[in-house]
Amino acid sequence: MTKETKHNPSILENNGLPEFERDYFCDARPEQSRPLAKYIEKFLNWARANSLWLLGFGTGCGAVELRPLMTARYDMYRYGIAPRPTPRQSSVFIIGGYASVKTTKRIIRSYEQMQQPKFVIALGSCPINGGMYWDSYNTINRIDHYIPVDVYIAGCMPRPESIIAGFDLLKKLIKEGQAEGANKYIENLDWYKANQKKIIKDWNMPDYNW
Amino acid sequence: MADILRTALYLFISVFVILNYGLLLNGLVRKIVARAHGRVGPPIWQPWLDILKTYAKRSAISHGVMFFLGPIFRLAGGLGTYLFIPAIYGSVMFANLSFSGDLLLVMYFIFFGQLGMALGAGEGGHPNSAIAVGRGLSQMTSFELPFALSVIALAIQYHSLSITEIVAAQQGGILNWTIFTNPLATFAGLFALLGMNMHSPFDIVLAPQEVPIGPPTEMQSSFLGILQTNRAIFLSAKLVLFMNLYLGGATNIFAMMLKTFMLYMLSVVVGVSFPRFRTEQSIRFFLGVPTLLGLAAVIIFML
Amino acid sequence: MSLKDILSPFYVWKRAFEKPYTTANPLTDRPGAPRYRGFHDNDMEKCIGCGTCADICQNAAIDMVPVEGIQTSKEDSGLRPKIDYGRCCWCALCVDICTTNSLNMTREYTWVDTDPDKFRILAGAQENFWTGKETGYKLGEGYKLLDHDRITMPMVDPKEGIKSFIELVKGYSKEQAIKEADRCVQCGLCIATCPAHMDIPNYIKAIREDNIPEAVRILYETNPMSATCGRICTHRCEEVCSIGVNGDPIAIRWLKRYIIDQVDRKEIAKILRNEFKPNGKKVAVIGAGPAGLSAAYYLTTVGYSVTIFETNEKAGGMVRYGIPEYRMPYEQLDKDIDAILDMGVELKTGVEIGVTESFDDIYKNYDAVFLSVGLQDSYSLSITGEHLPGVIPGIQLLDDVTKGQIPDLGKKVIVIGGGNTAMDAARTARRLAANVTILYRRREEDMPADQEEIEEAKREGVKFITRAIPVHIDLGENKKIILHWNKAEMLDQGPGKRPKPVLIVGEAYTEAVDTVISAIGQSPIYKLLPEEIGSQIKFKREKVITDKYGQTSLPKIFAGGDIVNDIADAISAIADGHRAAQGIDLYLSKQVKVK
Amino acid sequence: MKEIIQRLKQQFTISNVNQQRVDLTFLSVKKEQAVSLISYLRDFEKFSHLVFLTAVDRVEDIQFQLTYMLHNYNTHQDLGIRVLIDREKAEMASIHHLWKQAGTYQRELKEMFGIDFPGSPRVDESFILEGWDNIPPMRRDFDTKKYSEETYFPRPGRESHDPESYMKSKLYPEGDA
């Protein structure tokens, strides 16, 4: 991954929007968030790790594997995991397998609307290297070019058990303070935006959604 | 001056206790509901974790002044409701700000929060919020009727609008409780409580599969944290109010916990068993049997 | 609405008093089903790196990569599948198609990581968390994607076969050939083993697509004698066939024969349409065997004018005079030779170098000389009595039969030796109505002859006596000769060495027979080379030493065929001829000694 | 079904009638007559359900083949109407006035094959491929694998060897036949 230190001025002027809509959206760069003092942050991270609200946005086949998690057999609630219907309140975004360009656009919008700190789990082969849809004209090959990903789960699709294992790893990362994907995203915003704009041809949305 | 400070300290302790009691009640009920689903359920301290996590979010966005005020109004509604109810009869610490006309004020506060929330949610601009607010207000208006009738019947029965006096009138034995002296008003009130608690079948406001989460769709971070705080306080406040009105109040904290828990379980038992009503079904329901019960209660005591 | 409608929903609460359905620890309490398709496992020993798994993968998830510690050999490409779990969709087609059944799937299905570049693994070679775990999915019983059974080649009945020299193998029909070609997985392992490195997968593909002209073109790229090789090739390619690991190898030889049987001599010329400009240089080829013919063909295609000198009446060398007609019908051999001659190669037969033509003249008049005289002499048995009448060399018998001089072998014949010549001699003797016994000093599995030759010989009634060493030969009564032989036992010579037969004292036998045919090997005769030239060429154990292009120590002389290579079969000779043609071209166009 | 075909033959020029199953028949009709034929089938032969409308790119013949699949609920008969249209100037009369949902199919065909249906509602708006700027992806001259590799960042670090050429490099390198 290349890290650009100089900011690209061409983004964040909401150029993709029609003139009359630009005023509705902020065009200031998002700011990185700083962790608090060591022990307080550690305590908060413990709380974050045990209260994972995931965004109920089934982006691919993986959506179907999330349903069993809610059932009595797996009962994800006992791990502090609960689905939320809105990105505003969610802290975990699960990329449920393949993402078409059209979906990717929505994924980016939803991801940006989540409040920091936020975490991403990529489910299955497709987000890693294209999976079954590796040669499709309309499906991206690797999600980490568009949003930062914390945990990958191999499988096509992974069983619910694997997803629980993925959450376990995510919890570990959060507790260790390593799940700083949101900051990474803001730090490399120009790179991510360039990648996103390469595939999303009709950029009729704000450059960054708060 | 010392009086004011002491009252403030007592209020603070009272609110702190009732907040944690509300969260405990939440955690306990989640566990019970999970068991009814055949699940293990989240740990009992999950509500604390959730609320902590929400407050610990590093970023938050506002959609304007009303969006900011929405949760504040909501919390004010919850706090207001609680602060004017004597939580434990005879206790100085938990007498709160109870005064002779408090029942009317409390009834106002119960609905004040909802209205404030409606304004805040509207400012967020999310369509789901607007739909849910519309549903919520319609349902509120309809369960308001049996509740108001029930309260009127009580006021007539006890010749008072002071909650403390109503509680006092019920002392001296289980048969003095309103539930036995005025069962019609009690049932009308309890039906209203079901609607107020927004459990199934009256959860059209939150309706997880329809308007995903309803009014707080756009609420996040500390805004949501305030709402979660309020939810715990407001829930307990409602239960304490109903306990005072119908179950003879409580003379100590354990009696209060037991009675409010039983009251809450009423909502939970019904909620787990029944599927959701649609808005018009809900309204039709409240304007039916509960309203008739309330009317009957009022008429009987008028005579 | 009845009271029951209101009360019955509360029944759901009974579950609150039951045990929850929740699995306590889903990560350990719920292993995959016995046939679960988890991560791959590959048996490094069984895998031959044929790459069929990579070919069938719809997601391009499998890379074939070299693995440390695995050598590339003729049976093993040295490559192993590396699976990208960013692509794999667990369809298990790779497991189903695996030619060796080395690729399986474990029951492990959980792999979480923070680094997306880690999800690529050499199953079975890289240590990972599922190494040594229980196997889940493997190819099911009675279920196969590969066709393991060869299409049976129609043959003449052995009982009929021994009555004449009629060709035994009838050849595939179009349907049979396409069906047989269909079994091929196009891995290409066979190419390395074939001495001529023929493009086997592609001509099989051309058969499957019923594109015979394309197939013929591919054949002639590396082998101008396909009608011959399609019949008598030693087909080492079939020994390394990946389908052969678990089933019958593809009948590569018969498919080659099928291609060339579909076209006649004129069509071959039309298909090849060689357009070349004569470059004015002349090359002499001595010996019109497979090596000489092949060299002549490839030299001609690049513009040399080639003259072949042959002692015998007809071209073909050992293929004509050393292989009986029931295996190698002469008209098929003629078809190959004629196609080569059609190119403009000059053939001089009946030329005996040193007698009718001087080697020195040839050496002076031509720009280069290709020597492919073959092995004409038989090894002697080195026992007393081997020069008695009635003891004849195997190649002489075959030579005589080809030339129409049918010898009288009598009723009882013993053939000594275990190679293809021994089999040919024995079966030829069977066709001359003799009772034939083959005597071989080692065990049957040590015989250098092709397995199918041995089997066919047995089917035709040839008896086998193994671990029998001839001791000496006496003259008996009634023109009979008596062969004395002794039973031997195999003495282990340590690992990696061939066991040695040693006489067992006291187990001596005698046999009275009419003819003894010795077929224990052949050796070359270099008497055609003049002294001064012969002394400049280096030899090692009677074989000419050449570089990889067939060039001898004398730059102008190239050599190939049985006098050079140790395998001494037709296809090696053809490959030698091709290489020498390239060498001669390099040598003559650059006038340098190629190395 | 035979009677229907007979009746059709009286009014329209139909060809290639092929009854694939008892309840499935295909027929071909000229581009100009297609809409009136479909209209007739809907109104008079009770083929009231448009099952699908799809296209096949016959790039070798420079043609698109449209298939209108109709269903009759009374007799449970399926009837496929095949229409060949020019590939260079791909245009077809719309049938959205017969079935409203045909508009969606036509939007999709416009996007995926570049077949125009003048007058069809929202036919020029993008449907699934928002902002697509290449040749329509379902056309057979579009190389989807190449496009994917150029556009979607395949993960680097992979290399594979062909057993055949690898063995050649190891066992009999350079120059040998």
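Per-chain residue numbering starts at 1, and chain names A, B, C and D are given in the order in which the chains are listed.
Definition applied: contacts are C-beta pairs under 8 Å (C-beta built on N, C-alpha and C of every residue); 3 or more make two chains touch, one makes a residue touch a chain.
Just so it is clear, the model here is predicted, and its values are computed rather than measured.
Student: Suppose chain centres are the mean of their C-alpha atoms. Which chain sits farthest from subunit B?
Tutor: Max centre-to-centre separation from subunit B belongs to C.
Student: Take the average of all CA coordinates in subunit B, do the same for subunit D, and state the distance between these two points in whole angstrom.
Tutor: Inter-chain centre distance comes to 60 Å.
Student: How many angstrom between the C-alpha centroids of subunit D and subunit C?
Tutor: Measuring from centre to centre gives 50 Å for this pair.
Student: Between subunit A and subunit D, what's the gap in Å when you average each chain's C-alpha atoms?
Tutor: So the centroids are 36 Å from each other.
Student: Using the touch rule from the top of the page, what residues of subunit B touch 2 or more other chains?
Tutor: Only 34, 37-40 qualify.
Student: So which stretches of subunit C touch two or more other chains?
Tutor: 20-22, 84, 86, 116
Student: For subunit A, which residues are shared contacts with two or more other chains?
Tutor: Expected reply: 72, 75, 78, 128-130, 134-135, 142.
Student: Quick one: which chain pairs are touching?
Tutor: All chain pairs meeting the touch criterion are A-B, A-C, A-D, B-C, C-D.
Student: Mind pulling up the subunit A residues that touch subunit D in the complex?
Tutor: The contact residues of subunit A facing subunit D are 100-102, 105, 128-130, 134-142, 145, 195, 198-203.
Student: If we count contacts the way the header does, which residues on subunit A are in touch with subunit C in the complex?
Tutor: Against subunit C, subunit A makes touches at 72-75, 78, 122, 125, 128-132, 134-135, 142, 144, 149-156, 158-162, 164-166, 168-169, 173.
Student: Tell me, which parts of subunit C touch subunit D in their complex?
Tutor: Against subunit D, subunit C makes touches at 49-51, 54, 62-66, 72-74, 77-79, 84, 86, 116-117, 120, 187-189, 191-192, 196-197, 201, 222, 548-549, 575, 578-579, 582.
Student: Subunit C touches which residues of subunit B in the complex?
Tutor: Spelled out, the residues of subunit B in touch with subunit C are 32, 34-40, 269, 272-274.
Student: Quick check: in the complex, which residue numbers of subunit C touch subunit A?
Tutor: 20-23, 26-27, 30, 58-60, 84-90, 109-116, 119
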